[in-house]
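Structure incoming, see below.
Chains: A, B and C, in written order; residue numbering restarts at 1 for each.
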Amino acid sequence: MSATPSTAAVPGVSNSGKFLDSVERFLPKLVLAPTFVVTLLFIYGFILWTGYLSFTQSRMLPNYDLVGFIQYQNLFDNERWWVALKNLAIFGSLFIAGCLAIGLGMAILLDQKIRGEGFIRSIYLYPMALSFVVTGTAWKWILNPGLGFEKVMHDMGFADFTFDWLTNSDMAIYTVVIAGVWQSSGFIMAMFLAGLRGVDESIVKAAQVDGASLPTIYWRIIIPSLRPVFFSAVMILSHIAIKSFDLVMALTGGGPGFASDTPATFMYTFSFTRNQIGMGAASAMMMLMIVAAVVVPFLYSELRSSRRG
Amino acid sequence: MADTSNTQTQGASRFGRYVIYTLLGLVCLYYLLPLFIMVSTSLKTLDDIRSGNLIALPNEVTFEPWKEAWGSACIGVRCEGMSVYFWNSFRFVVPAVLISTLVGAFNGYVLTMWRFKGSDIFFSALMIGCFIPFQVVLLPMARTLGELGISNSIAGLIFVHVVYGVAFTTLFFRNYYVTIPDELVKAAKIDGAGFLRIFWRIILPISTPIIVVSIIWQFTQIWNDFLFGVVFSSGDRQPVTVALNNLVNTSTGVIGYNVDMAAAIIAALPTLFVYIVAGKYFVRGLTAGSVKG
Amino acid sequence: MNTIRHKTKLAAAITLALATFSAQAAEVEVLHWWTSGGEAKSVAELKKLMQAKGDTWKDFAVSGGGGENAMTVLKSRVVAGDPPTAAQIKGPSIQEWGAEGVLADLSSTAKAGNWDTLLPPVVSKVMKYKGNYVAVPVNVHRVNWMWVNPAVFNKAGAKVPTTWAEFPDAADKLQKAGFIAVAHGGQPWQDFTIFESVVLGVGGPEFYQKAMVDLDQTALKSATMTKAFDTFRTVRKYVDKDFSGRDWNLATQMVIQGKAGMQFMGDWAKGEFTAAGKKPGKDYLCVDVPGTQGDFTFNIDSFVMFKQSSSDAKKGQEDLANAIMSPSFQETFNLNKGSIPARLDVKMDKFDDCAKKSNADFVASSKTGSLVPSIAHQMAVPAATTGAIQDVVTQFFNSNMSSKQAVEKLASAAKTQ
């Protein structure tokens, strides 16, 4: 941090200084302007456009004649949409909880001066690097009762062992959780590990002097201090959960039947395969409202508490 | 942190250490299993796959599938394997990663050091915006690219990836810069240093860890992206993920699982490389501040 | 030797093409989802033909989900104002695209090529929008096939069923002998493929036409439909427990390897048997789905052309349409793909027995009215309705829903616009 700027920062002061000053004043906003414009047009503009389409009878291509709330009515009458919503709730909560638990657990274990930490860390991180287009096939084999895990257990002599979640309508969504946690928990582990390395040691030492046991120190002092990590992790995980598309498509294709459909796959199918862009737009709006309902309060509280100067 | 736990474990039994290593090892197995299946399948012959157990070791190892996947597998009417598409991906991934990282760095800098009225609202809006399902933006974006005259081009693809990547890079840099003491910048401002000068001389030199994080994240996201790649490119310019998809999906005809798996690993090599080589810097970068609100 | 024969034939076609067309160069960008294996080879034939005419072929291959991804891409290209020269689109979708006013009129090419006499009326009707040709057919797939491993049936002492009434008995025998009776992949479109054949077998072509094509509410709610669902439920009983999500070709492998007795699948399944070196009539049998003897559910692949401004592009489209319709291409392509030519005058000598039977049934059924479009393969009703009906079918197959309930749901799904 010795890089203090040279004192002769602005050499030709006085006259031209005024002009430069005003440029300087606007420069920060000017730098932010492209992102601002892009966000306004390509995110919020497109959301508005989608919102408009959800009130039209758009089918194969967008159509701009308003028809009222029919699409929403159809959406709520559609059994498949409710299945998708229920799945999002199951998947979202288990996926986020699973990643946080495994990520934090592994990070704590890895933080115990483990030999070969770098190697193990790479193993935990690599799933994030793989595209699910084909990893999905490998998972499909592992989870398929006739090919994978169940068969291996049978071959080993456990004839009664069953693990048929992939082919069971009620359980299929949980296989998506398993594969999803596999893909993302390593990344979360890295975040927690980083957080642990940043914990102020003097506080921990003081607690030790007071005679607190290791689990107590973790539970009472260290984990609460990781609050910002939890924030970033939950943001990233909920982002992945809501957009879960590749994962579902590659693993179950939404099946059996449409038992493991999620809002993202629902929206894609209706907008593009079934030529019901209007209904697809309505489902997208519902998705965004869910995001708003869950994420906005979270974001608000976090920004408030971290706003310290 | 590590130090304290060590002093603690000195008193703890050896048994505890074994438990830790066993747990870590078990989790390693969970993570490695799919990769193991992919690699072992890619080294099998098709007959071996058809007759044997899918998750068993190959009876005889063959490297033919790898050769085929790289150089001679038919994707569409071209039988040149994945190699062509592999380089295609680099052509738009590298500029898109660099541009979005640079923009994110500037945004983070402004949002922390040059706050103005509404900058927090802007940041929140950006964060919420990144939750927009990408499927929603396909059609209006196609229209926009068409009007800009960059539809179906490398430039268009870079544009799209930058637009939808900036939210995350901004998040990273903003959270990193928040931890830098304000005094540093205040002193420089008093000395008369300007916006760009402070960024260039003070901020950028201490940003290496978070730049690494941003680059790794963006590289993985953009390299693995399928949706934008398939919609906003065509023919010879398709990225590697689209080629992989085209190779793997066949509605009629025999599926060559060994070639598929080899191709999948080939498609993932750059990101695997990035994670394994830069993994250390990744954790270090995250430690340096990105995870602190 | 087969390939050598193809090549000489192709060479002849090329010289012919060279003689008739000037070498004015046009670039044609063709969107299709035939990206691998035999299909890709078939497309490569088309590319060669076009190159022989002096046109540049710009391949635009996007696969996945039976064309789902390709359709997404196509829509964005059209919205961007930059459509490809031609795209693989079939069935009622042709009408939907026609209604958007983006398709090129091929009437003059069709008239010069005499398409109206070459194509059976059922096919040409699909290719036209408001009386004008906008699409070119490549092939005709037959969907209501049952693929049988005769060795398995012999070992189990079972007779290949010809009606749905005989089906449970045969399937029971297969199961008792330790075989999987029905090889099936639990993906919605595969469930739907069996269902439409069951409806055809139980209700006959007239009923099928009413229920699955005209979406007639009385037919949909009729006792016949309940019976069809009951039969469909019976089929479900004879499927192995690992069927969910299985790709169709893995199911075909089960028949080839003698693990399973039969599979209900369109004629593209033949490619798997051929690749495994099996001979029709000896190692495997292609028979009609029980109760559908002589009936024919068709699935026609076709290409539409998009309106283009440059005259070069128009020339390219004309060349492409002519190339697709040429007898030599129709022959080579369909020999590769397992289907039969869309035009009636192609000689069938080089085709195998299954294709010959398919062709004979095609011609005969087009006269008796038992030639019906496949709903599972998007030939019968618009995509939205097909999808809604498919949801009901696949949900029924994967749950304990009663046939009564299913009929109610089916009738309301059919109202989806």
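By definition in this document, a residue touches a chain if its C-beta (ideal position, glycine included) is under 8 Å from a C-beta of that chain, and two chains touch if they have at least 3 such contacts.
It should be emphasised that the depicted structure is a prediction, and the values quoted were computed from it without experimental measurement.
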| item | value |
| --- | --- |
| Third chains touching both chain C and chain A | B |
| Farthest-lying chain, centroid of Cα atoms versus that of chain B | C |
| Interface with more contacting C-beta pairs, comparing B-C to A-B | A-B |
| Centre distance in Å when chain B and chain C are each reduced to the mean of their C-alpha atoms | 39 |
| Chain A and chain B, separation of their C-alpha mean positions in angstrom | 14 |
| Two or more partner chains touched - positions in chain A | 62, 147, 268, 272 |
| Overlap residues in chain B, where contacts from two or more other chains coincide | 139, 141, 245 |
| Contacts with two or more other chains, residues of chain C listed in rising order | 65, 72, 75, 79 |
| In the complex, chain A residues that touch chain B | 1, 3-5, 7, 9-10, 20, 24, 27-29, 31-32, 34-36, 38-39, 42-47, 49-50, 62, 102, 106, 109-114, 118, 120-131, 133-135, 137-139, 141-142, 147-148, 151-152, 155, 182, 186, 190-191, 193-199, 201, 204-205, 208, 214, 222, 227-229, 231-232, 235, 238-239, 242-243, 245-246, 264, 267-268, 271-272, 277, 280-281, 284, 287-288, 291-292, 295-296, 299-300, 302-303, 305-307, 309 |
| Chain C to chain B touching residues, read off their complex | 29, 33-41, 43-44, 47, 57-66, 69, 72-73, 75-77, 79-82, 84, 247, 249-250, 253, 257, 268, 271-272, 275, 337-338 |
| Complex contact set, residues of chain C against chain A | 65, 68, 71-72, 75, 78-79, 93, 96-97, 100, 186-188, 191, 240-246, 382-384, 386-388, 391, 394-395, 397-399 |
| Contact footprint of chain C on chain B as seen in their complex | 50, 74-78, 138-139, 141-143, 145-146, 151-152, 230-232, 234-235, 242, 245-247, 249-255 |
| Residues on chain A engaged by chain C in the complex (per definition of touch) | 59-62, 79-80, 140, 144-147, 164, 166-167, 169, 172, 249, 252-259, 268-270, 272-276 |
